[in-house]
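Below are two complexes that have chain A in common, paired first with chain B and then with chain C.
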Partner chain A sequence: MNNAIEIRGLVKNYPAFKLGPLDLTVPRGAIYGLIGPNGAGKTTAIDLIFGMGKTDGGEIRVLGLNHQRAEVQIKQRAAYVSPDLNFMVWGKVGKAIRFVRGFYPNWDDAYCATLMKAFGLSDTDKIATLSFGAKMKLSLLLALARRPEILILDEPTTGLDPVSKQQVFAELLKAVEDGERTVLISSHSLSDIERFADHVGMIKNGKLLLEGRMDEVVDRFRMAEFFSENKTPFHNRDGFIVLKRNENRWHALVDQKTSGQDWLQTRGAENISLTRLTLEDLFVALVKEEEVK
Partner chain B sequence: MAPANKKLILGPISPAAPGTLYQQIVDGLKREVSEGRLKPGASLPSFRQLAEDLLVSVITVKRAYEELEREGIIYRRQGLGTFVADLGHDRSREAKLNVAQELFREAAQEAAEAGLKQSEILELAQKIIKGK
Partner chain C sequence: MNRIIFNHLKRWGWLWIIINVANGCLVGAMVGNESMSKASAVTMFSFVMWAGAMQLNFDLQRGLSRVQTTLPVTTRQIGAAWWIVSVALPAILLMATAATGMLLRSLHTHKEFPWENFALTAFTSTIYLGTMFFSFVGLIPVFPQNLAGWLRYSFSMICMFGMIFVPPNFSTTEGISVMLVGVVLTLAGWFRAEHFVVQRATFRPGIQLGKRTPGQYRAPSGFGGMPYLIQVLFLQFTRFAVIFTTMMLLLQLFQGKTLTFSPKQMFEAAFPAFSSFGVFFIFMTLLAPMVLQLRQLRTLPISASALAIFLVLLPVAPVLVVGIAYQVASGNFSMHSDFMPFPTNCLTFATTLALSVPFIVWRGLRVESLVVSMFLMMAPQLGPVLFRSLVIPHSVITLIALACIVLAIEITRRLLKSSSHAYRPPPVNMNAWSGWSNFSGGR
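Moving on to the complex of A and B:
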């Protein structure tokens, strides 16, 4: 079993939104970045993996197990972190830890202590008075110290300062160090995702736009600038998105597999220059397309 | 498993520096090899260790190692780890020469396009080599 999570043909219907049919493949041992604009369906997909809400079609397999039939097993082996989790009722950090650790046989006290230090938390801290970032770190600590095989994080770095963000990602890299554990992270900090994630999946309007190894996905596309005397030869098509046009000067996002330099030349483009993109540039170009049409 | 070389120190890897992150790792390791700080046979950290150390994704380090392996600078032994090849030093030097040649060619072309004569280009190169 080389995939930690496999989603096939997942469908969930809401009155105003339809997720899917969605396919996602999260390889074992990877940090997988799930990205997409607000309302794309990231949280819906993540919630469904954890059995929160019923699916309207398709299949979710976690560690090779059916997510509904093996719900208990999966919940033991996978952990979920979200900014919505609230540990306030326990009062102090130490009490929350003592409460949570009782549920998980794999709980690692030594690791927990290391994480406390790394995240600057202490047993006697009052949860109610912790900053937003410190609460997020506590939530992450409670998930990591269980030594889960899969860690699912929904927007874990929202509201974290750059130093805290780096601490979080450093811990995530350590968490996957043995090559057995997997992290699925949904986030809008695309520069972090590009730097730390091995795989990426981009969803929009409930559908998967792109998925693959981060370096391959980012390498596949280029921002193209070119000149063309023809009046209307370039239209959006698969792998080619016009971003801006000023008379005969064009800016476009090109997928080098289908619409690279050669294709542009055969279509009469001149003075072509191709520039590498960051994941963020790629995201903006792909998401904006919808709005242009 | 052979103990990995934990003392490996590479320059900082940053998106603000030229080249992709994986290219920066490739260049950094080549520098270590060509300047003799990494000797033939020395073991390199695992992908995952180096990723943790440099705070980059595992795939980024993997890709850098794959490229260095293709160039014959390092080699992998299943279950043992990754090591600097005997020819690593030469190969790394060769690769550097190739890059230097390419950069010189580009620079010469830019200079020619800027209207510099051959003698002026050589003068410029000398100035740069001598540190102005």
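Moving on to the complex of A and C:
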């Protein structure tokens, strides 16, 4: 079994939203970035992985286990981090740690203490008065100290200042350096995802737009800048997405796996220059195209 | 200012209709009915409470004050609007519905309109609304950090709940003194409303932080997990129960009774905590902390079935334990509520609490689930009065109660599994400045 998470034909219907059918594969040991605009279905998909909600179709397997039948075993081996988690009722940081610690036999007290120091969280700190970023750090601490095989992070950098963000990513990288742990991270911070993740999945309106190794996905597309005297405008087609036009000057997204570039030349495009895209450029282009559709 | 008032009416109209219809029916039924009157006094206070500042407080938890202070109106106007929608308008409506209920009752029984009763009811509800506004809106909803804060907090709590136990009365000294306090607080609420607006709009939990206690960067030791959770909740519940019982004993002393500290007297003092105030008492100490961390609990290795059993039994168990403890302590069923033995009363009350759990899991700590729970809690109080001709053996009541508890567990289990929507916090709370479901730290 080489995959940590396998999602096949997952469907979840809400009155105003439908997730799927969704297929998603997170290889074991990978750092997988799940990206998508607000309301794309990222949190819904993550919730379903954790058994929070009933699927209307399809199957989810986590570490080879069925997510519904083996709910408790999966939660023993996986951890979830999100700004939605509320620890305030525990009053103090120490109490929240003590509560969560009791569920995990593999809990690492020494590592927990190291993280407390790194994140500046002492046992007597009042949770209600912690900043948003500090609450996120607490959530991450509680997840990391249990030494999970799978770490699922839903918007972990929301509300974090650049220094805190760097701290969080540094700790995450340390946690996965043995290559045995899998991380599924959902975020809007695409530059972080591009730097940190080795796999990426892009989701929009509950459907997966593309998935694969980060370098392959980013390398597959190019920004094409060209000129054309041709009066017939260029239209979107398979592997070719027009981004903007300024009189004779055009910008388009070209999928190198298709014949989009050759097609450009046959249509009379001149001075074609291809540049590498960032994940953010690619994301914006693909999401915009999906909206046009 | 008018727009603020109309906006409030538009959003809360549905609750005003429910409360006022219920108030009219209840007041009508109470007139000239001695036992009904006794059982319904607390219920009436519950209606009044939901008609006023409680609604505003829900809005404030969702960040209303910060939104309103950015509008082109003065803080004085906002404060006045708050006072009008929380005190003046509800008071007029409650008076109107109470008068309608009494009038219909008088016409039905061919008796004279009970003017004195009406005056007392109208006056009581008005000053209670005023007191609620002063205490609820004027109180920053975090636990106090210093002595002055504690004194203010205690004073507000005593004003709010004290009036329920010592209702205003034209003929007794205690009744008149309560009335005077109520009038002062109602008027003070009007004059302090502007200050409340500023206080609420500028509030940050971080500002409340006193001196930071030097802590340790060391993982805490000792057992954790569910046993720890149960221990914490048990201690919290016991603390509240002790405070409540002490307050009730002091109240008895205030009313001229002699304190004997007998089990009977202690149970009599503690009983209101397990009946009329179940909504607040059990909610605040046991259920609310659970619902707030439900999402987190669902990510921990606990099955939905185990969690459902835990959630339902959490409020049920202490009530049943108190019922059994009473039976053991007294050795008989001698202490009755008005209509049934104390342990059976505890069981029926525990059942209503159990039935409210699925609502809370389904809708969260939203106003609709709290209102449904409030009506459920009233059932053991009003049911025996309304259906007193119906004789049901206690064994049947016990069986029905147990069946309801099992049903509540099954529904809760299904709800926990079916959708995460119920325990996903609404995005609006991310911008809220305070309250149970606050996520914004802002230090």
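We adopt the following convention: the second predicted complex is superposed on the first by the 283 of 293 C-alpha atoms of A that agree within 3 Å, B and C clash if a C-alpha of one lies under 4 Å from a C-alpha of the other, contacts with A are read in each partner's own complex, and residues count from 1 in each chain.
To be clear about the criterion, a residue touches a chain if its C-beta (ideal position, glycine included) is under 8 Å from a C-beta of that chain, and two chains touch if they have at least 3 such contacts.
Here the structure is a predicted model, which is why all the values come from computation and not from measurement.
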Is this a clash or a fit when chain B and chain C both end up on chain A? fit
Going by the contact rule set out at the top, does A:8 touch chain B (first), chain C (second), both, or neither? neither
Is A:18 in contact with chain B, with chain C, with both, or with neither (first, second, both, neither)? neither
Which of chain B and chain C A:179 touches, first, second, both or neither: first
Tell me the contact category for A:170 with respect to chain B and chain C: first, second, both or neither. first
Is A:267 touching anything from chain B or chain C once the two structures are fitted on A? First, second, both or neither. neither
Based on the superposed arrangement, let me know which partner A:207 touches: chain B (first), chain C (second), both, or neither? neither
Applying the document's definition of touch, where does A:188 land relative to chain B and chain C: first, second, both, or neither? neither
Touch count on chain A, higher of chain B and chain C: C
Between chain B and chain C, once the two complexes are placed on the common chain, what is the minimum CA to CA distance in Å? 24
In the complex formed with chain A, which residues of chain B make contact? 15, 20-22, 48-49, 51-52, 55-60, 63
Can you name the residues of chain A that touch chain C in the complex? 14, 43-44, 47-48, 50-54, 71-73, 75-76, 79-80, 82-90, 93-95, 97-104, 107, 109-110, 112-113, 116-117, 121-126, 128-132, 134-135, 145
For chain A, which residues are in contact with chain B within the complex? 29-31, 166, 169-170, 173-174, 176-179, 191, 195-199, 213-215, 276, 278
Please name which positions on chain C make contact with chain A in the complex. 142, 205-206, 208-209, 212-229, 232, 288-289, 292-293, 295-296, 298-304, 417-421, 423-425, 430, 437-443
